[in-house]
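First chain A sits with chain B, and in the next complex the same chain sits with chain C.
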Partner chain A sequence: MGKILIVDDTLFMRTLLKNILFSGGHTIAGEAGDGEEAIAKYKELKPDLVTMDVVMPKMNGIEALKGIKALDPAARVVMCTAVGQEQMVKLAIKSGAKGYIVKPFQAPKVLEEVKNVLAS
Partner chain B sequence: MSEFEAYRGLFVAESRENHENLVKNLLILEKGSDQNAIDEIFRSCHTLKGASASMGYAEMERLCHAMEDVFQLVRSGTAEITQDLGDLLLACSDLLEQMIDDVEGGGDTSSLNPDDQVNSLKEWIGQRGGKPEKKGAAPAAPALESPASPVSEPLPLEGNVPEFEITVTVASECMMKDVRAMLAIGNLESLGTILTINPSKEAIDEGNFDGVLKLKIASDAGEEALKTAASGTEIAAVDVKAVVKQEAPAVKKPVDNDKKPAAAADKSREIKNLRVDITQLDHIMNLVEDLVINRGRLKQISEQHKIKELGEAIGMVERSVSELQNLMMNIRMIPLNQIFNRLPRVVRDVAIYDKKEVEFVIEGGETELDRSVMDGLNDPLLHLIRNAVNHGIESPDEREKAGKPRKGFVKLSAHRDRDNVIIELVDDGAGVNVEKVKAKAVERGLVTKEVADTYTTEQAVDLLFQPGFSTADKISDISGRGVGLDVVKRSIESLKGTIRVETTPGKGSRFELLLPPTMAIVDVMIVRINGRRLGIPISSIVEVANFKRDTTHFIGEGEAVLLRDEVIQLMWLNDMVGESEVCEILIVVQYEKRKCCIPVDLVEGKQEVVVKPLSKLIGNTRGVSGITILGDGEVVPVLDVNTIV
Partner chain C sequence: MKEVPVKIEHNKQWVVVKLGVGEDRLVIPAPVNKEILFKTVLDVAERKNVLIITAKTDAEATYKILSVDKVLSILKKMILASCNAYRLMAYFMSPAIKGGVMVKDAQWEKGSVVVVHTGIWFVSATKQICVPTNDVAAIELTKREVQGKPTDVVKIDHLENNEVASSLVLCPLSTLQVLYNFLKETTKSMDMKGTELDGVDQQVAMLIYSGMDSHAIENMLNIPHKQLEVIYDKILKLGLAEVTIIRREVQLTTKGVRYISDATKSQTN
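Moving on to the complex of A and B:
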């Protein structure tokens, strides 16, 4: 069970994910609505894991991932992605993302991935 | 998908924002390429797609997906927004809005078939030559600093490290098998050196991966650790086999997982906004109103009984309640942009329909109005804007003939003026044709020709607001929907606002809406007639004067007084409160330019009250806008001066 930072530009997705993670026994360290905020929150909250949306205003998920990785090379970041974004996810993984979950989220899959990445 | 029922409200609210963003930026794009607008549209489409998919709204997802595909092409620079495409995308966004409406009403968009739109979008993509590149989804990301080394060939080893052959099978239901493979490779790389890999990293990167990954790794982490590293979500099987070779002591590769960032004490940012259901806000507002009423009541009781401590405590409560009331008023204020933002689209549609060229400018959209006022403002404003383009602005040829630029100009602006919000709609069109208006009014039987001939421009323009008046010869698709300016006027009046028109033939018109920023709390003068109390809104009172019964004059059936050389009609409220013998005071009220005076017995004072609308059960109550409950618990009607005058 880990302390998780949720990054997504929509409250809807954040709430959805929050409830899934909560149901899996995780605690929500905090939420961020864009890439810049994600980095600031990471510094502040030092979560065990970050779920990172890819398409966001101000700073996209890949840039935010790089920012977080620069702060903490061991950061565990799981990308939230959708079918059709394979290239983006690959880019994210090359930049150090530890996993990915695909929208629409299926709770068991999300929890499995989070559990695996936390264990890594 | 009942498990998502709880998210419906949130989904609707955010989808509306995204939809608005989409339309706003589409209109920006029509004026010329704008990378930021393209990115914004892409993001909105993408978010809408993701959210609708999550909620299980397949039709909406399908539509958003097709729109997203088109935007990937636009984004990658292969295509640009033409008017045709703009029309198509706006039609899609209309359907999208219907879908959001449907969801809001409890539906799941299944009743709204997006086939037409989706097919048109696909057709358009087809004409551009082929399907959208998936790669377009990646915004020009900088090249990676750490390029993946080509590991298809064996690498030289430092020392004698045990080697393993690993086969990783990705689960068949996995959505992005190649990505899973990459993750597995990444995890294994952290434990050792990969010697061979099949398919190669490059092939996997390009998406050539069938689900089975074979690799050879030199690692001293041990079989179990390698197996764990390669397994994970959606990995069906991992097979690790040690390659038999000479064993030798190995140097353990340090893997530091505990490195934490040097936590610079950066200013933390917090989520500063909170989304609240508007019905909850309304409920809080009702409670605040009740508090305001009871505050007045408590104050009266304390004055009657003269208990000092109680008076003090009530003083404190009073301050808190006032603050709370102000705060609630502020919370309910919404920037006008919420409705203004929709209007460029309307102007565009009407202009295209009428083959006119119009430049539309919005100013002061940040001006705030109470939500209740805002709700009632949408339709009248829409109507006025349609009118301005449809009737006001001339065709480009006509304009040219008149020596004006071909492109018409319409400006909508808003600003706060002391206690009111003023919304102005100015156009540089033909202005109101006064003669045509008069002729029409005569034809419609609204006024006789003789009377009409005596009308000033101002009076003639007033005819526009008469029920049943419309100068458009035909009812068009756009502005004549069987409602006219009379409906606009009535709507504005129901918001306690006024509407004024100024027009200069050949130069254009100016509509001015004067609105109270809020409707809930009103300053009233409490008067007494025949023992009954009444509230009269202070805003409509112009004067309070002494009154003697024997100074009235009878003119026809009416009764009037002469006040400062002005003849003002008397309005007895006998029907409402019964006949009074005293009546020594006149309250002169004014609505627009018409005045009348109401004789009353006594003026009790000024009070800030909450006016509650009368329930529909009571029916038509001309002259009364609502009721208020005073401090002593008495229910008092509040006069509606507009209808009295």
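Moving on to the complex of A and C:
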């Protein structure tokens, strides 16, 4: 079980992820609504894992991922992408993401990916 | 004519017969006594190890054939090559993308795409993959990088074990356009305007997809049970969901309250 930082610009998606992760026994370290806040919260909270939306205002998920990896090369970041963004997934993996989940989410898939990444 | 042992459904029972397989037809012996010309076959579907063939001569008739994979594979290949369907030679990759990411080791295969009433078949020398029309989520004429060059393809998004997968079809652009139009027409009944659900309705639909139950949805969206029931009715009416469980909420009667009170007393004494 891990301490997780949820990054998404929509409250609905954050609430959904929070519910799914809670049901899997994880703790929510915190939430962020954009890439800049994500980097700041990562520094402050040092979570075991980050779920990172790709399309966000101010700083997008890929830039935030790079920022977090610059702070902590061992950071575990799982990207949240929409169906059809396979090029974005490739770019994220190249930039150091450990995994990805696809919107719309299915709870078992989210928990499986989080479990795999936490075990890596 | 070659013969293969199969089971065929006859009068709602499975009977063992030696099915005759000719170049252009199947011959089903007694007690069925039918000949199915491949060119009269309108639909081919598969459920586990059962091949479901619909053919029309004078009237439409459906035949269910149960057999091992090897036999069904030969039958499918022969029927799909000659049945009455929209068919084109093409390169395909199925599935090419699963859950938004390219499938490892996915390769272009040379073969044909056969569109029948209930599905789209991808047929190559070694594979016969069927995407049921009901599972087609989207069809798009798009570009993909093939051997380093952006190339026109038809992308078919479909559900596979509740996960969105995509298959790609590659052939000359003019043929792709025809295939795209044909598939759009075939799956027209699934088309929606996109304005049928409002914001909250869409959130409910997404939460259902995510596996949340009614109680969790009510809590997450902070909506009363009655409102959720209205949204469920709307989603059901649009054919976007189906009822799986009807759960009951109950409250104790006086007898029940007395029973629990007594039980609690005896535990605390």
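Following the convention adopted for this analysis, the second predicted complex is superposed on the first by the 120 of 120 C-alpha atoms of A that agree within 3 Å, B and C clash if a C-alpha of one lies under 4 Å from a C-alpha of the other, contacts with A are read in each partner's own complex, and residues count from 1 in each chain.
Here is the rule we use: contacts are C-beta pairs under 8 Å (C-beta built on N, C-alpha and C of every residue); 3 or more make two chains touch, one makes a residue touch a chain.
This structure is a prediction, so every number in the text was calculated from the model and none was measured.
J.: Just chain B (first), just chain C (second), both, or neither: which does A:105 touch?
T.: Both chain B and chain C are touched by A:105.
J.: Looking at the overlay, what does A:12 touch: chain B (first), chain C (second), both, or neither?
T.: Both partners, chain B and chain C.
J.: Which partner does A:48 contact after superposing on A: first (chain B), second (chain C), both, neither?
T.: Neither chain B nor chain C is touched by A:48.
J.: Going by the contact rule set out at the top, does A:20 touch chain B (first), chain C (second), both, or neither?
T.: In the superposed model, A:20 contacts chain C only, not chain B.
J.: Should A:34 be classified as contacting the first partner (chain B), the second (chain C), both, or neither?
T.: Neither partner.
J.: Can you tell me whether chain B or chain C touches more residues on chain A?
T.: Of chain B and chain C, more residues of chain A lie in contact with B.
J.: Looking at A:85, would you say it contacts chain B, chain C, both, or neither? Reply first, second, both or neither.
T.: In the superposition, A:85 contacts both chain B and chain C.
J.: On chain A, what residues does chain B touch that chain C touches as well?
T.: 12, 15-16, 81-86, 89-90, 100, 102, 104-105, 109
J.: List the residues on chain A that touch chain C in their complex, please.
T.: So the residues of chain A in touch with chain C come to 12, 15-16, 19-20, 81-86, 89-90, 100, 102, 104-109.
J.: Under the touch definition given earlier, write down the residues of chain A that touch chain B in their complex.
T.: Chain A reaches chain B through residues 9-13, 15-16, 31, 33, 37, 40-44, 46, 55-57, 60, 62, 71-74, 81-91, 93-95, 98-100, 102-105, 109, 112-113, 116-117, 120.
J.: Applying the document's contact rule, which stretches of chain C touch chain A when the two form their complex?
T.: Spelled out, the residues of chain C in touch with chain A are 97, 99-102, 157, 162-164, 203, 206-207, 209-212, 216, 220.
J.: Could you pull out which chain B residues touch chain A in their complex?
T.: 4, 7, 10-11, 14, 18, 40, 42-43, 46-47, 49-51, 53-54, 56, 68, 134-135, 137-139, 141, 144, 146, 148, 175-176, 178-179, 182-183, 186-187, 205, 207, 229, 231-234, 256-261, 263-264, 266-269, 271, 275
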